[in-house]
Structure formats: C-alpha cells, structure tokens
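Shared chain: chain A. Partners: chain B in the first complex, chain C in the second.
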Partner chain A sequence: MRVILPLPEVLQRESSRALPVIRLSWRHGILLAGLLCLFTIAADAAGAAPVRSSVFAVLARWTPLLLHGFALNILISILSMAIGTALGAFLGLALISPDRPLRGAAWGVTQFFRNAPWLVLLFFMIFILPYHLHIGSFSFVLPDWSKAVIGLSLPVMANVAEIVRGGVQSIPKGQWEASESLGFTRHQQLWMIILPQAVRRMLPPWMNLYAILTTSTTLASIVGVNDVVTLAGQVLSAEGSRPDLLAPIYGYVLIMFYVYIYPIAWATRRLEHKYQVHN
Partner chain B sequence: MNTKKFALLGILAGLGATVAINAARADTLQDIKTKGVLVVGVKADYPPFGSLSPSGENIGIEPDLARDLAKGLGVKVQFVPVVASNRMQFLEQGKIDVMIATMNDTPERAKVVDIVHPDYYASGYNIMVPKTLSLTSWSQLKGVPVCAIQGAFYNKEVAEKFGAETVAFTGVAEALTALRQGRCNAFVYDDTAIEGKLQDPTWKDYDMPLQSQDAQPWGIAVRLGDTSLADYISKSIISWDKTGLILSLETKYGIKHAAFAVQMHNKYK
Partner chain C sequence: MVEPLLIIDNLHKRFAHVEVIKGVSLTVGKGEVACIIGPSGSGKSTLIRCVNALVPFEQGSIKVLGIEVNDPKLDKLQLRKHVGMVFQQYNLFPHRTALQNVMMAPIQVLKRNKPEVEAEAYALLKKVRLEGKEHSYPGELSGGQQQRVAIARSLAMKPDLMLFDEVTAALDPETVGEVLITIRQLAEEGMTCVLVTHEMGFAREVANEVYFTDRGVIVEHAPPASFFANPTDPRTKAFLSQVL
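Entry: the complex of A and B
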C-alpha cells in the first residue's frame, strides 16, 4: 500500500532526487586536463605546417608570463577577501544589532551591494577613483588592480555580512535565553557564547565565497587590469591570432583556476561535514 | 556601546561617500623629467605594432618609437598596455602621459585628447572574407554580419555607410574564430594586418576582394593642454620621417612599407 506523505515531505524527497548536488571533485580535473590535451592535439593536427610551433611548445613558452598574471588574480582575491571580511564582519553585527536605525542602515547597505552586479561595481570604482590620489601633501598612485580590489571587496563585504547574520541566527534561541538567565550582558552573550559557535558554521560558506571571488577576479580583465585573462588575449595576438590556439590557451587558464580552487572546495566540504548540524 | 555604534555608523557613512579630489595639473613635460619616467600607453595585442614577448617585454614598432621619445628626454620608458576602448580614458586620467596605440586621428577624438601633428602612420581598412563569398562592392555588405574589433573607428562607418551588422570582439583571435565558424561572413580590420594574415596558409580559403577604404592617419596623443610635450613629440615625429626610422622599423618587423610612411619620408628628408 502506498503511504501518502504530507506535501512538504514529498517536495523534499522530490528535490533531493531530482536535483543532485554537484560537487567539484578530482575527476573533473582529470576531465578538464583530458579535454585540454584533446584540444591541443586536435589543434596540432589541424595546423600541420612545419613553420609553426606545436601548441604544447606555445603553452610552455608563455607559462611564466601567464603565471605572473595569475599571481595578480590571486593577490586581488586575497586582498578583496581580507578587506571584504573585515568590513563585512562589522556590517553583519550591525545587521543583528538591537538598535533599529543602525540595523536598517546596515540592511540597506547589505542589500545594495549584495544585489549589484559585480562588474558594475568594478566599473564604478575604476572610473570614479582618481589615478593620482592627493591627501594633504602626499600624492600616491592608485594602480588599476588596487581599484579592482576595492570594487570586488564591496560585494564580498555584503555577502560576508549575510554569512555573519545567518551564522549568528542559526544558533538556537535557547543559547541566548540560557546565557541571559545566567546574567551575561548582551555583549558578553554575543562574544562569549554565540559567536564562538557561529564562526564554525560561517567558515564553509565563507570559503565558498572566496572560491567564487577568485573566479570573479577575471572580471578585472574587462576594466583593463593586466590579469591572466588579459595576458591570455595578448599571448594569442603575439602568436599571430591563430584560431587553433584559442581553446588551448583559455583552457590552460581554466586549469590554473581549477588547481587553485579545488583544494579550497575540498577543504570546504570537509568542514561542512565536520560541522554538520544533526537535528 | 555608544562609541561602537558611532564607529559602525561612520563606516556606513564612509561607504556612501565618494572621494572627489582634483589634482592640480602641473606641466607634464617637467613632471616626466623630474620623475625620470615617461609612461606610454601602447597596444599589447597588435603585432607588429605592439605586442608582448614571452618574457613580458613590450615589443613592436610603437614601443620602439616610445623608447626613442624617452631617449630624447633622457628618461626611462614605462609601458602600460591599452586597448581601443580604454586608451583615451587612461590618458585623461593621467595613467599614461603619451599614447602611441594605433589610434586614428579623427576630429571627434581631437576634442578629447590632443593629437600631435604631423601624424606618424596611416592605414586603411578592408574586409577579409571566404573566397566562396564573391563580393564586388562594399554596398553588398548590407545586412551581412561582419566581425569587428571593439573600439575600432571603422565599425561605425561599416555599419552606417554600408549597412553591415557588426559583431564586435575583444581580440583578433576571437574574431577570426567567429569568422571561421561562420558566425559572420566578413572580418573588418586594418588592411596591412589582413595582408599579413592572408600570407599564412591557414587562411588560403580567404581573401580581400575589395578596394581598401581611404587610408586614415594615425596620431600620437597627449592630454589636452600639454603643449610643451606635444611640441617635443611633434619635433620627434618630423625627425623620424627625416631619418626614415619608421621605414626601418617596418623592415625590422617584417611588414611592407606603408604608402604614407614613404610619402612622409620623402616630404621631410
């Protein structure tokens, strides 16, 4: 006999069956590397003229330059994450503040930067901030990549704020009530009882955000930062704009990102598993 | 608690505020000499005029011209890679002092930046099409999808004058791939560059059947009002034409002499 389940349970079952969660695994890396090899071999076969160097030789020749560009992507991602996290932590605490105007203002800022397209924020920063900044008698140069850092740290800030708010609110109400009855002040409750538990839960989404941010640093190539994608385009031109190189070179950049992000994704999964909440 | 609240409000307010600081503009030529560095915007994706070497060095005709400018001032040269869509902003922002980036000298651009005269080079534009597409006149491009490079001045002309539907790409490789895949029937680009491509056996099924459109002069640009720098560059260009530097650079990088370069050499020699 068929058991008729209540609707929410049916939906839950359906969704867990219909939409499997795809996790980044090492198999995807093998698949990518295999595809790249296939592309390069196909490209080599197509352009058999003896004057041209093989695609592998081209990739090898330009690897130092491309890695140099990739290092800039990593630098941008680390700095944006650091700034975004510092600001976002404050903003997240403001989101759960008992003070209404402060909470409202923080909510507005969070919503604005969370929902603005990243590229639009980047454009804004690149064209609004002056190249030479004069503060008093000091004058210093703001290179484009530093503006990209500022532009990217804004959405990171808003997302971190939401992670902080979510993390704090995920702690059962009983914890607040119990600590209050033990005579802790709100400040003490937050810092001694709630946050130590919440931070563990915030870690996996925070690392996830970092992975997303790292891939998004390539947006900076659109606003003229000399990152790995810009360099990849310049490498293509230097090699005479051969169409057969298009897939191998961009594929190579893809693999660089994969190699960097995969360990982060793996560690995130481990942490999620470790801190899983069993109700 | 109160100080913390104020600190938070301060951060929020600071985020909303935008900094607008106007730099008092000094004499750029003097600045360059004081700093000892001439910052030049060049192409890094446009061989043989400007590209990168595997060690990341800027090479090509335009970086060589920039090096000559810096040598004359007794300063070091620093390159900033630019593309058509950002080169004028970079100059206005002060990110670069001089722009030598295959830019056509047009009246609209001369309103935004100071284009130094005489112009240093010239090229026309043309289209590269598969041989199967027999074209006899530019007017046949009406309604035809044409691949182009973002920011090239002739994109607008091809669209408005001949009614082509331009599809713009960031790089030449991307545009050529689209041409090969048939996403467009023609690729509009500088005629000298297309000639170079057609020598490559990869493109043996393609040709350039139409007459090049009028050669447009290329200009070196500085910020509006940088007259002393513009004067210096103007004198340098004349001396390049006199000594035939541009012709010898064309030979160095393996391209044919442009008619304009020969004509200027004859005029000033």
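Entry: the complex of A and C
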C-alpha cells in the first residue's frame, strides 16, 4: 500500500484528455418525443392495410418486454461502473505513485484500456472468458451479460483512474506542504487532506462517465446479450419486419435512454457549477 | 550569547543545474527573531523550506535543537514537532472549520486526546483574536483571518521554532497589520522565529538580526538598527533605497 501513496513532486504532470461531456437538455427530449410521434403517425398513414395493428398499439404491446431488456442495460451499467470504479481507484492512485515502475505500469494499463475501442474489448471478453466457470467443485454457467459487464468495466476502470489522478492533481501543492510540515504521514495526507477535497471534484466527471457507459451498454447487443436493442430487433421480426416500424421502435428505445440519462446529465451540470463557485 | 536553537552551516541547494543557495550560514538563538530580506528569487523561501525538510538539500548542515536535518535517517516527524511553518498562501484545509484546522494535527499526528486539544484550540484561536470564528470555514474568512488561523494551527503543535514565509505578501494592505500584531505578540512571548518578509518596518521593530540575501548568499547581516541606518554593501544599499 505504501508505494501507491503520492508525493507532491509526481503531481506536476500533464492533465489528461477528457471524455466527451454529455450535455442533454429538455429540448432534446421534446425533439425526440416529437420525432417519435411523427414517425408513428407517418407509419400509420402509410400502412393503411386493415390487418395491421397501429404502431402505437405495437409499441404498447411490446413495452413490458422492451423495458425488461432496458433493465438489463441498466444492470450491466451499474455493475460495470461498480467494478470499474473499484479497480480504477487503485489504478488511479498507482498513476500518482512515487514508485516509478509501478507508475509506469499503471500508465501503460490506463492508456491501453482508455484507447482500445470498447467493442473490441467486449468481443475479447466474450471469447476469452469460459462458458463454464469452475471454482473448486462448483461449476456454473457464465451468462453472456456477465461477460459484457467485465468487458465494459475495463475501459471504465481506465477512465476512473484518470479521473482520480486528475482530481488529486487538481488540489494545490500547498495542501501537501502544509500538512507535511504539520507532521502528517503521506497516508494521512492522502486520506484526511487531499482525497476529501478531490472526491468532490471527481464526482462530475465520474457521473459523466456513467452516462457514457450507459449508452455504451447497447454494444452488448452485438455480442449476443439480450439487451434492449437486441429485443427491439426481435420485436421487429415478430411483427413481420414491417419497415414502417423501424423508426418508431428504435426511437422508443432512444427515449428510454434519454429519460434515464437526462437527470444524471442535469445533476452533473449542477454539481460542476456548484464546485466551480466554491473553489 | 543565548543558547543557539537553529544553526545553518554552509548550506547549498541546487534545483537541476541551478544553484539557488550557495553556502549560507546563520545562527538563531533561543527566543530570537531573525528576519531574512532580499529581492525575489534570492533563495529566501527555499532556505526556510530546507529548515523543516520540505525541500531536500545536497550540502551543508542544518541543526534544529541539535537535530541534524541533513541526515538520511532523519525522523521527519520528530523535526516537525519542533518546527512550525506558516505559508504565504495560508494553505488552510478548506474542508475543515477553523477549529478543526487547529485540532487536526495534535489529534492525528501527536495522538493526543480530543477534549484537551479542543480546549487548547479554543484558547489558541482566542489568542490570535478569532473568538467567534471557530466554526467558520476558511472560505468564509478574510485573508488576514485565514492567516491567523494558520498561525494558530502551527502553534497547536507547540513548536520551538516558527518559520514564516512571506506571510503577509498575499494579504490586502489593511489586514497585514492584524497578522503582524500576532507575530509580534509571539516574538514578545519568547518564540524563536525566522521570517522571510518584505515588511521592512516590521523587521526593524521585531528582529534581533536582519539578513540580506541576494543570488543565494547572505550579503550582509546586522542588528536592525545598524542594518537599516548604515548598510555597508552596495547591493544592500541599492535594495534598501528601492524599498524604503
């Protein structure tokens, strides 16, 4: 544990390239809902054959199934965020370690997982992890979605590491000097002085990362997880692959994500603003 | 001559290839006040940062109460119990109240019990005339008030030597006075102090010895009366004519 405690000298390195910031406003929601209605009405008007049910009826009929799929997306996002954050916290502390080899290794891991395409990491996990997992005499099937969780938690880990490093480095050097001259150990400096201040600054980028991760859970559909996008495709085929349903159904999925992510984006913006004023 | 508390002998400090301190020696006796003045970049701040081992140095010796700072096996905690430091930018912990700022080090570093430390912290804040501000956060205090909390925070460790690094340089002119009063009070109580300062009038009043540094060396030193009245070195004369 000692080697991963930062020294002030290590903290004067370049700041990181940030992830895109998700900026959603209520206008986006209205726009989406408007488009969905438009598509739906247009689709109804185009397909006038009496045997077909209206698009609204189709959406209503499949809503429970789609929500079920969406719940899996949320579950994947929460689990990957939890795992990624736990691992990323350690990796981030290693990034600011005074121990050069450890810092170098952490830097390599971080760069690799931050810059690798998320989908490639997902495919990698799907194929690298066994179908059956044996622990002692226990043997159980690893469902695909759990592999997706692991695959997505890797880029999350690397991004959290950067957030931790950036947060710690944003604390003025004087805080280290003052606490050091009062006799605090490096361990005490980090946990009592630096991190309590840094965590507040880490919160907005961390929430932004979660919003990005949530949208990225749809990648899991490509590797065969029954998430909301996969289910939307199945709904389409069940309805006889009507082309007029394409836009409404995927638009509907889009709205689910909007409704979930908008409050997060809003809270992130509020927090950013609040801490800007106070610091 | 009083018993020496701080002895700096032939100190050299290099940052990469630039030598910022080129052989400085000075002695401060117990209860004495030494003021270090000089132009920016003359190595004043680095000098006092060496004293409490915030900055390592290559050559020379610093002894505080007989503890050799230039010792690879130095017990830094032991040294820092004896040496308090106040910074130009206050460096209070912004997530803690004034009272908590003062109490933290004695409780966490010295492992003393809380009620006792708390009583002392109230007394210290009263001493720096901040009664009633105990539960304010640093962000709610003026610069002068923050700097006095910082002084109280250092005093809570019961140091034998106090280092002041341009502690009034970041303050509004009208709050400089309240901080200087606090430092003078300390000096009068017999606290050994080393001040890096630009306040010439203050140096003249409180110092036992004034040191003028330029480009990493002590050019001249003397008790304040003769230092300010009859500077001998041309560099000292030039500097004093600019600032006085």
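The working rule: the second predicted complex is superposed on the first by the 253 of 279 C-alpha atoms of A that agree within 3 Å, B and C clash if a C-alpha of one lies under 4 Å from a C-alpha of the other, contacts with A are read in each partner's own complex, and residues count from 1 in each chain.
Basically, contacts are C-beta pairs under 8 Å (C-beta built on N, C-alpha and C of every residue); 3 or more make two chains touch, one makes a residue touch a chain.
All values reported here derive from a predicted model rather than from experimental measurement.
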Legend entry - Clash-or-fit label for the pair chain B, chain C on chain A: fit
Inset, instruction - Would you sort A:A267 into first (chain B), second (chain C), both or neither based on which partner it touches? - result: neither
Legend entry - In the superposition, chain B vs chain C on chain A residues touched: B
Inset, instruction - Check the residue A:G240 against both partner chains and state whether it touches chain B (first), chain C (second), both, or neither. - result: first
Legend entry - chain B versus chain C as contact partner of A:F127, first or second or both or neither: first
Inset, instruction - Examine A:F184 and indicate which partner it touches, taking first as chain B and second as chain C; both and neither are also allowed. - result: second
Legend entry - chain B versus chain C as contact partner of A:I193, first or second or both or neither: second
Inset, instruction - Quick one: minimum Cα-Cα distance, chain B versus chain C, in the superposed arrangement, integer Å. - result: 17
Legend entry - Doubly contacted residues of chain A, that is, touched by chain B and again by chain C: none
Legend entry - chain A to chain C touching residues, read off their complex: 172, 174-175, 177-185, 188, 192-193, 196-197, 278
Inset, instruction - Using the touch rule from the top, collect the residues of chain C that touch chain A in their complex. - result: 52, 54, 76-77, 80-81, 83-85, 87, 89, 91-95, 104-105, 108-110, 139, 150, 153-154, 157
Inset, instruction - Report the residues of chain A in contact with chain B in the complex, numbered from low to high. - result: 47, 49, 61-62, 64-65, 68, 87, 90-91, 93-94, 97, 99, 102, 105-106, 109, 127-135, 139, 144, 154, 187, 223-224, 226, 230-231, 233-238, 240-246
Inset, instruction - Sort out for me which residues of chain B touch chain A in the complex. - result: 1, 5, 7-9, 11-12, 15-16, 18-19, 21, 23, 44-47, 51-56, 81-83, 86, 89-90, 93-95, 170-174, 176-177, 180, 197, 200-202
